[in-house]
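You will see subunit A twice below: alongside subunit B first, and alongside subunit C after that.
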Partner chain A sequence: MVDVSGIVSGIVEKIFAALTANMVNIPILEPLINKLLQIPLVNLVVAFILWKPAFVILFVPGLLAVTVVLLIMIWWERKLTARIQWRVGPKEVSRRTGGIIQTLADGMRYMFQEVIIHRDAHKLYFLQLPILSFIPVLLPILLIPAGTIYAIRSPYAIQIAVALTALLPIFILGIGWSANNRFAFIGTVREAFLYVAYEIPLMIAVLSMVLLYKSGDPFVIVEKQWIPGIFMNPIAFIAFLIGMVMAAGRLPFDISEADQEIAFGPFVEYSGIIFGLVMGIAYEKLYLLSLIAAILFFGGWSGPEIAFLGELSYAIWLFLKAFVLMGFIVMVRAIYGRYRLDQALKFGWSSLLTFSLIGFFISAGWVIWLG
Partner chain B sequence: MEEISIEVPVEPPKEYEWYFIPVPKKFVEEAYRKDEFVVFVGPQHPGSGHMRIILRLKGDFITDVIPDPGYVHRSMEKLAEYKTYIQNIPLVERPSIMDFGNYNLGYVRAIEEALEIEVPERAKYIRTILAELSRIGTHLYDAGILAVFLGHTTGFMYPFAVREFIVEMITRITGTRITGSFIVPGGVRRDVDNDTLQKIKRMTYALENRLKKFEKIFITNPTTIARLKDVGVLSKEEAIKLGVVGPFLRACGVEYDVRKVEPYEAYDEIDWEMVVGEDGDGYTRFLVRVNEVSQSINMLRQLVDNIPEGDVISEDIVAFDRKDIRGSFFEAYGDLVLPKGEYTSITEASRGSLLFTIVSDGESTTPYRLRIVTPSWLYLKGFMESLKGERLADLQAIYGSWGYFPPEADR
Partner chain C sequence: MVRIKVEKPKVHKSVALHIKAITTAFKEAISPGTITIHYPRERRKLPDNFRGLLQLDKEKCINCFRCAHICPANAIQMYQRENKYYPGIDYTKCILCHFCVDSCPTAALKPSKIHDVAFASLSTMVLPPEELAGEPEMWREDTVTVEYDFDGDLKMIKRKEVENLIVEVEKPKRPEFVAGAAFPENCIACRICVNSCPQNAITFKLQDLQTMVLEIDFEKCTGCMVCIRNCPTQTLLPFRREEVLKGGESDEQG
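Moving on, here comes the complex of A and B:
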């Protein structure tokens, strides 16, 4: 006679033990978590959520943080742009907080709007590509650690994360192809042109920092920053920053979307919540690159530890640094107009590439000098 | 690369015929043979206004272009034949409602020419103030549209915020924000008090301050210069040949301004300079209008300082109150009949020369024919010519640099 329930409970206990061995430690939530861990089945869920690899994807710097970025950053961008332009910005939804839930309200409107799929579209790709684009958004997060909260530790983590982020334009190309619209085609071709122009300087800037720290492991990188990386190699930072603005499709390099010229290019045919998703892609990419920039140039998660948050305080510091950087970049929209495609390509292939190469040589100089 | 011509019979889509799209068969055939694209921009496109532009594209470059205007045609000329002369004043300002001062002025001057009415000095000054206020307002509006075509949202918000000053002053004078219908044959509707005049002068200083900020963020912005410089160039000879008018003609280096050549109202009594450009590209076309705004500000100050005292309605007009025509409209204009003949006036509206021709049969209280030739319509040809050889992405930049206004062109 085989004791089935005994075997099952044994497996469950083993899984539970494996999960609890690698749990996020948050002192302020300790009593609540301990109480929840006493309840059967619920304890398994709680242990899984707090299991570090799952926590990274689900909370900080993963899905929850991306949502917060989308909700708050768009509001912040609109408010900041409005201030620069002698306006007030969103305020009618939740007046007392200055319209902070405006983006949520917009998102809800998108939810209830009809998703129109036009006759010419390739229906399968047209619908699934915006959703699939979350893959290259969430995969790099596995490799970006927040203090002791991490999923995968690798000496090539930064390189892999940047390479995975660079997959996003492929999805945009697919979206443009499946839309089967002439403005979408023009926008897609523009995106493809720009892709090469900014990705190479961006990667050289990242590699020059990796060369400076002699490792792609974020733990080593943060440890080695006795002063923030931005002061060690400011040229590489400028190249990275401009590359980041181009990669995220922000003005003045808002060329593939250019609403006055080609009516949002690849995204011209989308409506409803799918439109909300595709418009989020640029912000998600900006967020990922800001996280990488925070690690490479601003000392990552290093900062005064907040006792009651425990391990979470590292994640909060990393998130805050990325958030402030993003908050700065979204302001550029109010200052510049849009460059033409050929001007942006010329800039990317000449000035930006030169800048990133100079940054590379500065890093090489540091390495030789420091030995 | 060797060009391969494909000799296949080409049939333009049937829809071209159904929807009366002005594309000749040859246009489509040539595009197919030369491996080009026929692209329709508009009329629902965010960067085309209320018109359709039919382009032939070789890669990213525009090789040929056909305009398809008329989407906002309101048949002003025909409507005018069924209204009395005084009822036509609110009608003729409709093509470009921001520019109502100049439109009223042009129409009313044609009537005054027919009736040989001498307008009092004070009324002339008030009319000129209105015309210049309208000019600043229209130029600011066009600058905002140009900025938004370049993706520069701040450059769009600033002029529209500044234009509010102008609109406020127009409200103080006429009682409405736009479409004032303030200028009537023989003068203006009513006198402007001294307080309002001083306010206008004070407003010009505030306007200048705000425009400095606009200059910093948009006019000298590197992206603006990169997008507009050497784009959509029209040479001096071409501009004259194609009949380009107004600031766009002056941007090509031609010294022609109706206000200087045939001065009307108070333009010859004040000191101002004609703004002339050189290069004839998009940036010059924009800069000429920017400089015209500062000239207009200068003019407004002089007009306010030098305005004479007196009546605002001519002695020839029946009016119970020489400072205010309200209440005497029926007596003054109810049975207005122009002598038989054809009367023409040319006015320098914001976007260029504006021509009004009234044909009267000498019997009826309505015009036999009213002809309006608007500046946008006159420079449409030059606009289309300047598009050739440029990139597709430049279409909006050139469009904005011309300040093309479809309702004005279509009338």
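Moving on, here comes the complex of A and C:
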């Protein structure tokens, strides 16, 4: 007779030991976590949640942070834009807080709305792609470390993360194709046109910073920033910022969505919670690029340590920096009007490309000067 | 195709314009010049001559029918109550021109600043005089009164006070009239004036078989001129009250 229960408990113990060896240390929650780790089965779940690679995906800078960004950033964008334009913005849902749970209310409404799939749609891809688009959103998060909380450490982490975020437009193209609608086609073609125009300057700006730090490893990059990278290479920052605004489809360049012209372009046929998901794509991409910008230009997770949060304080600092940067970028919506497709293409291929190349040469100059 | 050539702005100029746009946005984000009135909680201060809903003071009403006659939309109908007639308004027709307010000699019809009204159904929009009298049922959430300051930049002045929407109107200064028999030889003793007088100021007395005496009590007469309008032979005419009172009572016969 083989002792099955003995083997199973042995495997469980080994898994538990492997998980607890690499756990996030949060001093303020320690008594609670220790108590939970005493309970059988629950301890496995708790250990898995606090296991660093899982923690990165589930909490900061992963799913929970993305949710917070979606809930608060959309409200903040509407409120700030309204303020600049002498309007009031969302107000009636939770009046005392200035309507801060408006996005939550909208999300609830989407939840209970029927998801309509029209007859012409390619049903499989039409429903799959919005959900699958979480792959290029969550994969880069594995490579973006927050202090000691990280999943994968690689000398090419930044490059891989940027390359993975560049996959998102492919999903948007797929969405537009599967919707099989004229507005969706127009939006898709616009997106395809713009894709290369912004992605190349964006990548050159990232690579110029990688050249400056001589590594794509975020740990090395944060260590090397004796002053924030924005002061070392402001031209690359401006190129990255504009490329980021274009990549995330914020207003002066939201040519592919353009709700006043082509009714949200590729997303025109969506309804219900799936519409909520596709509308989130732009904000998720903005969030990812803000995280990368925070690491490259604003010293990443470096900041005064908060003692009671332990390792979490690094993640909080990184998140806060990205959040403030996003809060600034959404303001652009109130300042500029939408460019035409040809104007944006011309801008991307001429001025922006030149800017990013100048940034690249500045980085090269730094490298030669510092040796 | 005609191609219009637009002169390209110079780089330093366009950079300056971008910076200006961004600084403006920041300035507005910090202290916006919002001029929105949060309506149910705030209310814009309205002028006293605002044309809102109408109110009726039944005590002052002298049943002169002038409001009903002048109404261009034919919205005012006179309702008989006991021996008198009072105006009632059909708000499906009313255009809120306030001609009736202007025509009212005793300020019995009063204007108000109430303009945000809801009726339960079309039939409830026809208001008899009882419902016109007194304040309508109101739910007021406002605690702040807002005024715009148009001098220079548009500004808002907010005051923590609740505006009274009922306007008090003084009785207009007009000469007072009383009815008197100007041409007694015309009278055919039809007694239409007696029956039409809302104040019961006119009485007929049979003196003998040939003569009837028409008596008008000037104390009671309000000068509404209903009798004058109704008289088929134009016996009666309006006279100024002070002149008539000087000359003493005039009894006429027919």
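The rule we apply is simple: the second predicted complex is superposed on the first by the 371 of 371 C-alpha atoms of A that agree within 3 Å, B and C clash if a C-alpha of one lies under 4 Å from a C-alpha of the other, contacts with A are read in each partner's own complex, and residues count from 1 in each chain.
Quick note on the criterion: a residue touches a chain if its C-beta (ideal position, glycine included) is under 8 Å from a C-beta of that chain, and two chains touch if they have at least 3 such contacts.
Quantities reported herein were computed from a predicted structural model and do not represent experimental measurements.
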For A:V88, is the partner it touches subunit B (first), subunit C (second), both, or none of the two (neither)?
-> second
Please work out whether A:I273 is in contact with subunit B alone, subunit C alone, both, or neither, and reply first, second, both or neither.
-> neither
Once the structures are superposed on A, label A:L104 by its partner contacts, choosing first (subunit B), second (subunit C), both or neither.
-> neither
Looking at subunit A, which partner touches more of its residues: subunit C or subunit B?
-> B
First, second, both or neither for A:R182, with subunit B first and subunit C second | first
Is A:E261 touching the first partner subunit B, the second partner subunit C, both, or neither of them?
-> first
So, A:A192: does it touch subunit B (first), subunit C (second), both, or neither?
-> neither
Can A:L80 be said to touch subunit B (first), subunit C (second), both, or neither?
-> second
Return first, second, both or neither, reflecting whether A:P252 touches subunit B, subunit C, both chains, or no partner chain.
-> first
Should A:Y336 be classified as contacting the first partner (subunit B), the second (subunit C), both, or neither?
-> both
Do any residues of subunit A touch both subunit B and subunit C, and if so, which are they?
-> 84-87, 334-336
Residues of subunit A touching subunit B in their complex?
-> 81, 84-87, 182, 186, 251-252, 254-255, 258-261, 263, 333-343
Touching subunit A in the complex, subunit B uses residues 39, 45-47, 60, 147-155, 157-158, 161, 217-218, 221-224, 226-227, 391-396
Residue numbers on subunit C that touch subunit A, as the complex places them | 21-22, 24-25, 28-29, 32-36, 38
Flag every residue of subunit A that touches subunit C in the complex, lowest number first.
-> 80, 83-88, 331, 334-336
